[in-house]
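Please read the structure below before turning to the comments.
Think of it as A, B and C in the order they're written, each chain with its own count starting at 1.
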Amino acid sequence: MGWWLRGGRGGEPRRGVGVLAALGCVLALGACSVPGAGGAAAGQELPGGRILRPVGPERVAEHGRTTLRVLADSGEREFLKRLVARFEKKYPNVRVEVETKASTDFFKTIVTTMSGEHPPDLVQGNQGYGVDGQLVRAGLLRPLDDVSHAYGWDLDHPGGTTDQLRWTPDGTLFGSGSLYGISQSNEYIGVFYNRSKLSELGIRPPHSWAEFTAGLRKAKEAGELPLQLGNADQYPAEQLLGTIQAQKVPVNESRAWINGVPGTTFATAGNREAARELRGWARKGYLGTGYNGVSADDAVSKFTAGKGVFMIAGSWNAPAVGGKLGDDAGFTVPRTADGRTVAAGAFGLPWHISAKSDATDAAVAFLGMMQSRTGAQAMADAGRLPVVTDGVDMPDRLGRQQAATGKRLLLGDGQTYYFDWASHSMLATIGSATQDLLTGRLSVGAYLRRIERDRAGFLAEQEAKTRGRGGGS
Amino acid sequence: MTDTTGTTGTAGTADTADSTARPGRRNRPRVRPPYRRRPRRGAPHRPPRRRAVADGSRRESLLGHALLVLASLVALYPFVQILLVALHEPGARATGLSIPSSVHLDNFATAWRRGLFSEALTNSLLVAAAVVALTLLICVPAGYAFACFRFPLRGPLLALLMTGLVLPYEATVIPLSYQMREWGLLDTYWALILPQVGLSFALGTFWMRNFFAAVPRSLREAAELDGATRLQTLRKVLLPLSVPALTTLAALLFLYAWNEFLLALVLVPDNPGLRTAPLALSFFTGDRRTSDPGVTSAAAVLVALPVLAVYVLLQRRFISGMLSGAVRE
Amino acid sequence: MTASRARLRAWARRQYWPAYLYLLPGAVVYVLFVLRPLLMTAWISLFDWDGLTLGTWVGPDNYTALLTDPRLREALLHSLVFLFFYALVPVAAGLVLTALMVRVRIRGLGVFRALLFVPQVLSTVVVAVSWRWIYDPDGPLNGLLRAVGLDALARSWLGDNATALPAVGLIGSWVMCGLCLVLFLAGALRIPRELFEAARLDGAGPVREFRTVIVPALRGETGLALVLTVTQALRNFDIVWNTTAGGPGHSTTVPSVFLYQDAFVSREVGDAAAIGIALTLLTLTVCGLITRVLREREG
């Protein structure tokens, strides 16, 4: 029988070999232009005009029937359902169309979706270079400085909390520049604990870092798994490092490194100490064995099934933990030695207004309501932690604990952000490096160097890009 | 019976085909059923009379069954895990092989409602059916040409075709999305169908080529001696023989089209009405913050079942195609 | 039928150009939706491009970066290991299972067929989740080992640098087996009974029969199965990503993990395109080699 790729051997006319080449040329011609040419450039003036005061229903009503298209991560669905109902009641001429996508799908498509002809008016992004940086660089987002001023957001967050949403206009650096987004959600890494386990072991819920680490030791001595960790997805151990590091390093120092401030390095004494402590935890068996093969999801399941006394994880795990453990679930951010509340954390996914939106007023009004107490209550009702917590009823004990800690965190400007914002490959770099640190394949020194090398390379690239652009125009 | 695919015929023999000959073509030469002749080694053409050689020893038969049972257990185990987790009460956060104390269908109901599965399954069914039909339509003649004709550039063209079989389209999907936007096809059914037909064309053509090439040359030559055109040879001689090959191909193409995720995600960025089943599933699996293993598992089962059903259905066709081969002898 | 028409037909049969007519409909779709994007990808691979704003011409820089990146070299090695698990194991297992089903009369053949197809049907993301549970430190695999007294072997299969790669590879074997089986069963239908009879008259046992009858008869299907599984092995992404994300450390990274990260996370589309093109060329080469080896065997 003929082998399936046999062919073209001997005896066949060779005419028309050029046909193929010609075909290739025709195709290539169709494809050959500098990629990205013809993309829309950012307009100079503020789309929709400068916002000077909060946008009220009368002003929105002037636009007549309006459709506000919203694209969000699926985690926002319950919240949006509640908020949209209230918004449409207050702004009867607006119909809000919400589409949500699961996180992984959302991040894969958001940038291309926003570059389309008719992108949604209001979208979520993600802090860091991969999403927000791209959107700013391509001029797809409307700066929100005027909105922030009109609504007093800059007064709500006097410290550097909103710096995570500020970008230089070319999108190459963040941490300063114009404000491009805002978020109603506060997310940070804290310590979940299992109350019944604690009382069994005679450990009090920890208030300070010293109490927490003593609790870990005591749990280990009692033969319990001190800390539940599932690190197959690689990011959870980064959160562990961030949590330890927040105790040792001033917030501004952490942020400066993440923002790429020249002269900063990852190989600081504080980071070294943090990495050493994390490695010590692994060595002492605080993390159990096999954590690198367990997913973050499964770790939550295990923790709620009574495996592990503590679990360091994002505040957003509260519904999963509380739903199963009920009042047995507790949450805290242990205070530092000098009594501050500091944690690896940031705003939840930020909201942006499309530069191409023709419903800017409605979008601003929607953001305004989102940041208000009404929005905060909608968040709480959806089982999530809002930025605004005063006068908001949290649904359960765990939620109240998170709200109290979250408020302390924001008042003290204690969010250190996340290391993986430092470069667009940092998530993968620090993820695998931390696994190697935990298993002892990487020394503390080599670990710090590997992370710093990634960021240094990235910053050099960014600088070259900025320079290239400056020279070109 | 349709002329193009041959999959819809019951027996698919040349005689049946002849009986439907329309008046205008009455003079068409009659193509005889396969001649009985001893095939060359490695060039078999007739389906075996029975599906198995019956005289394997008893011990061998037992061993065979035992191995198949074992293999089936291994094949099934992960699926059973998923199914059991799905049958737990809502919010149970079960993992691994945990048997629910009582059977709950709540997770299925939640998945169905939240994933908008009724719509997603319809979309997927439409898309997969279109992809299978169009692909069969274009790859049968192409496979025939590659298997039975000599023509310039056959080798290079085959190699070019193989590129489509091996390319990692994670890389090409971004340019593809810009192309589709330029052509105004983004967010349409065409965006779901055409690129998949293109990709399936390679697999289908190789498969059909392989099958046609295995049919003894003598059969085709006999038809040609009788004055049949090439198209007639394809329709009257080769297609009736290829029912099993076509159904297998259809099952595979359906499977691939049904499970296609990345193309559907990137090429339909902003039209929730066109959400396909894998996207609906991804609504649960891709959600890293609020995921619930029970609902996710239920969604996975919902997406998998239709493919399994199609496969089983085509399998019956596949076996009957085999039996028709036996009748013909 | 007039004589001239017959002559016309005879003439047409001798021409080669009608072949192109048979190819045309498929070629149109293929060129527009597969080759054109591929060429665009090749073009983009010569740029530094974020997928959005104007790209910068860098020539072959993306390729040199790729060739000198030690992480990619390591990833490529893992891919070669996956060739064994994704391609060789399933093809061999598929051939054996097919032989079993063809040789002796199997009760409930249809049922077995359907069951053995199940691994192909499930979404790979969910397959990954299910296998993660199997490999879990407290999972059924370790439970089984402990039950038979092999406690020392129990471990976190995906979390252990030594076992993660084969553990992920076996998931691939499991998935691909179903595919191979489907292909081989279709091919096995064509094996004429006389061949088995002849072999048995020669006194062939099951092993020789397998070697002399089944394997040669399924050569075409084996070739296609190898191409499909090799392709999967080299561009496999979902399973790795959803079990280990390339870890622990770098122990299960594969080139497509970098491709994915470049294309969808850090959005260095030029780099992603270069990896994509390189991967295509590599796969074509491997498949070409397989083709050649099988062809020589045949000859």
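Note that a residue touches a chain if its C-beta (ideal position, glycine included) is under 8 Å from a C-beta of that chain, and two chains touch if they have at least 3 such contacts.
Protein names from UniProt, one per chain: A = Sugar ABC transporter substrate-binding protein; B, C = Sugar ABC transporter permease.
Please read all numbers here as calculations on a predicted model, not as lab measurements.
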Next on the checklist: From the centre of chain C, which other chain's Cα mean sits the farthest off?
Outcome noted: A
Checklist entry - Measuring from the mean of all protein Cα atoms shown, which chain centre lies nearest? => result C
Checklist outcome for this item: More Cb-Cb contact pairs, comparing A-C against A-B, go to A-C
Checklist outcome for this item: Separation of the C-alpha centres, chain B versus chain C, in whole Å, is 16
Checklist outcome for this item: chain A and chain C have mean C-alpha positions lying a whole-number Å distance apart equal to 35
Checklist outcome for this item: Rounded to the nearest Å, the gap between Cα centres of chain A and chain B is 41
Item to check | Multi-partner residues of chain A (at least 2 other chains) | outcome: 1, 4-5, 12-13, 31, 35, 108, 112, 233, 298, 302
Checklist entry - Multi-chain contacts in chain C: which residues touch at least two other chains? => result 16, 35-36, 40, 44, 51, 129, 133, 136, 138, 219-220, 223-224, 269, 298
Checklist outcome for this item: Listed in rising order, chain B residues that touch 2 or more other chains are 42, 95, 146, 150-152, 154, 157, 159-160, 162, 174-175, 206, 210, 213-214, 282, 285-286, 293
Checklist entry - Where on chain A does chain C make contact in their complex? => result 1, 3-6, 12-13, 23-24, 27-28, 30-32, 34-37, 39, 107-108, 111-112, 115, 129-130, 134, 137-138, 231-234, 288-295, 298, 302, 307, 424-425, 427-428, 431-433, 435-436, 439, 441-442, 468
Checklist entry - Touching chain C in the complex: which residues of chain B? => result 27, 38-39, 41-42, 44-56, 60-61, 64-65, 67-68, 71-72, 74-79, 81-82, 95-97, 134, 137-139, 141-142, 144-146, 149-152, 154, 157, 159-176, 178-179, 194-195, 197-199, 201-203, 205-207, 210, 213-214, 224, 227, 229-230, 244-245, 248, 251-252, 255, 259, 261, 278, 281-282, 285-286, 293, 296-297, 300, 303-304, 307-308, 311-312, 315-316, 318-319, 322, 325
Next on the checklist: With touch defined as at the start, can you tell me which chain B residues reach chain A in the complex?
Outcome noted: 42-43, 91, 93-95, 146-147, 150-160, 162, 174-175, 177, 181, 186, 206, 209-210, 213-214, 265-266, 269-270, 272, 279, 282-293
Next on the checklist: Help me check something: in the complex, which residues belonging to chain A touch chain B?
Outcome noted: 1-2, 4-5, 7-9, 11-17, 19-20, 31, 35, 71, 74-75, 99, 101-105, 108-109, 112-113, 116, 119-120, 233, 296-298, 300-302, 304-305, 314, 316-317, 319-320, 323-324
Checklist entry - Residues of chain C touching chain B in their complex? => result 1, 6, 9, 12-13, 16-20, 22-23, 25-27, 29-30, 32-38, 40-41, 44, 51, 93, 97, 100-107, 109-110, 112-123, 125-127, 129-131, 133-134, 136, 138-140, 174, 177-179, 182-183, 185-186, 189-197, 200, 206, 216-217, 219-221, 223-224, 227-228, 230-231, 234-235, 237, 256, 259-260, 263, 269, 272-273, 275-277, 279-280, 283-284, 287-288, 298
